[in-house]
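Common to both upcoming complexes is chain A, partnered first by chain B, then by chain C.
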Partner chain A sequence: MIEHKILFTGTVGAGKTTAIQAISEIPPVCTDVLSSDPTIGKEKTTVALDYGEISLGKTERLRLYGTPGQQRFAFMWKILAQGALGLVILVDHSRPDPLRDLMIYLDNFKTLIQESACVVVICKMDESHPPLLEDFTQAMKQKQMVYPVIPADVRDKEQVLWILELLLVQMETRQ
Partner chain B sequence: MMHDNDLAEDEIAISYASACCSRRDLVLLKSVLSLYGAQGHAVWHYHRSREVDVLVIGPEIASAEAAAVLHSDARNGGQAMLWINDLPVSPDNPRVFQCKPPLRALQLVAKLKQIELYIRQQRARQAASPRFEGREQLETARFALIQWPPLDFFSGDKDFLRMSSMLSVRRMTLDELTLQSTRPREKCRKFLYEMHRAGYARLIGPEEENPLPPASAQSNAPKRSGLNGLFSRIRASLGLSSA
Partner chain C sequence: MNTVVLSDPSPEPSPQLIGDDLRAKAASVLERFVDQFGGVGVRGAVISTADGFDIAMTAMPEAEGTKLSALSSSISAIGDMATLEVGIGNNHQSITIEGGDGYIFILNIPSAACPMILSVAASKEIMLGKLMYYARLVVEGMAEA
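Moving on to the complex of A and B:
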């Protein structure tokens, strides 16, 4: 079996599990446990990874991995990043400091981003509150990492497919 | 008429025009601008044409016309707009500066400072980019994405979004972009022209001609050979049309 993978990362509650669920052909395999952290705002959270897949034929499949969100699981991020075709970073705009959240993922996945493809998705965007989309693009420009930054609702399959479209055109361009 | 030679070294001249403004707002604006310029800030001067640095739009504009102006503005070379009205404006449009009526001097001065900073940054960006010689150069020059544009720039054009995504991983010429995107050459030309004009893409000088960043010696990236057809198969499985 030939296997490829795309990675979804981002803060706890940003929607990694939901995004994978929207496009996976199989019911996603989640390793959620009851959360002991009351600040993350949900009962269960992912501690190892989420997994979904898309069949590309009889002998080939695309694996969709969601990383655990909390930074204490950063050791898992590097393992999961090995050999990935591209990365989707989900940023929860409703968190206290979403710009800082984004920087954490840009730093930790820097090598993968520079060598593959990356789309930054701002979830739960509230345009009446900062940071604005422009603040995210400016912050990325400062780090010389200029990639798509788009708001999206990852519960909507069409929007997740559009995210993958922007990722795919980068992969095809790099080829 | 103000000439750059008339200015002190750090001063800049900013041209502006107005539309749909009330008489009261224009009088206040001109009074504040004369005081503002006298305090060592940019020198603002009025023009009748719309080919100016800043367009001031008053409250008497119809909302349909306002929407048209905003869309054209997003693709129009970085022209700043001072909106003196209550109309909704996307907060992530960096060129639009809004003062809600009734216009007050302090609020106006704060916006003038923001606009001045914006124009200084735009001019610095243009000065740092190799000189753009027009259509002929557009045919051969290589372009790099320097900032992801705001959503207003795209105006819902998915081809422009795709092309921006392509340009985020590779510096490209018009020929390369046309080939890669499979979109009409005229559309690709328009995209590059507008991206450059708005300051989101810059020309690459001959000394930077490396189109792709060098791969790390300890690359984690999958082997690129053997990817032929993979992306087509992914597209087919996801129901996405080919690029």
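Moving on to the complex of A and C:
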């Protein structure tokens, strides 16, 4: 069995836990606790990690890890990035400054992104107001980072599987 | 290999949901706790929310208490998952970390409205039984809050 470690990160409330729950074949391990921060707009929040698994055929398995979103848990980002072969960054489009949010994760996971694969997923996308998808792509280009940027509803299993597909294609072309 | 370069975390505002009365209660409970040791053994203590915001701390620099709150929150959540997985309870009651020069104790403070965590840093001179006894009194005192 060949195993790959895939990491989900991104803004608080974007749907990291939801994405892993949508596709995991095992009951996911979640470290959700009651949130005492009213600004994040949800009742519970991840403070350590999420974990799930999904197999690809008979020979490969993906181990899916989710990080906490808030920056005070940045030490968990560092721990969880070890050995990861692909990174999914979820950006919540409904937050005040999604472009700035994306930059936080691009900066913090810079080395991992350069050494592995990356997909940027815009969640809760509202195309009636900026930033548009091109704005995200442009911002990444300025950092010499050229990776797919796609809108998705991570509650939908098919869409999360499509995100993984985009990641796996990059991983294969790198090998 | 895949290292992450950490940028300086921007300070996150402490949530308003933590009331002044809860902060005052936590501060006085902690004060009583450290007084039991007469300056020997206990290096600092902090009470935080389960999601890692400090509520009150004593004998500890603020930056350290803030950081320890976030760390303890992660460790505590993993402890809860481990006890659940192995079938020894829904929540851990305490977690001990032993370092070369001391200990960190993390205790769950159950509360439906505001689940909290007590973190205590201690040196090797500490009497473990005494520390656990008084730490449990802190938990009981806060659980009623």
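By definition in this document, the second predicted complex is superposed on the first by the 165 of 175 C-alpha atoms of A that agree within 3 Å, B and C clash if a C-alpha of one lies under 4 Å from a C-alpha of the other, contacts with A are read in each partner's own complex, and residues count from 1 in each chain.
Definition applied: a contact is a pair of C-beta atoms (placed from the backbone, for glycine too) under 8 Å apart; a residue touches a chain by one contact, two chains touch by 3 or more.
Since the model is a prediction, treat every value here as computed from it, not as a measurement.
In the superposed pair of complexes, A:Ala74 makes contact with chain C only, with no contact to chain B.
In the superposed pair of complexes, A:Gly83 makes contact with chain B and with chain C alike. Once the two complexes are overlaid on the shared chain, A:Leu112 sits against chain B and chain C alike. Judged by the touch definition given at the top, the superposed model places A:Pro148 against chain B, while chain C stays out of reach.
By the document's definition of touching, of the two partners only chain C reaches A:Thr31; chain B does not. Comparing chain B with chain C, more residues of chain A are touched by B. Of the two partner chains, chain B is the only one that A:His4 touches; chain C does not reach it. By the touch criterion defined above, A:Glu165 reaches chain B but does not reach chain C. In the superposition on chain A, contact of A:Gln21 is made with neither chain B nor chain C. In the superposition on chain A, chain A positions 81-84, 111-112, 115-116 are in contact with chain B in one complex as well as with chain C in the other. Chain A meets chain B in the complex at residues 4, 23, 54-57, 60, 62, 81-85, 111-112, 114-117, 119, 127-128, 132-134, 137-138, 140-141, 146-151, 161, 164-175. Within the complex, the chain B residues that touch chain A are 90-92, 94, 145-151, 161-162, 164-166, 168-170, 180, 212-213, 215-216, 219-222, 224, 227, 230-231, 233-235, 237-240, 243.
Those residues of chain A whose C-beta lies close enough to touch chain C in the complex are 29-39, 45, 47-49, 68, 70-78, 81-84, 104, 107-112, 115-116.
The touching residues of chain C, counted against chain A in their complex, run 1-7, 9-10, 12-13, 15-18, 49-53, 66, 70-71, 73-78, 80-81, 85, 114-115.
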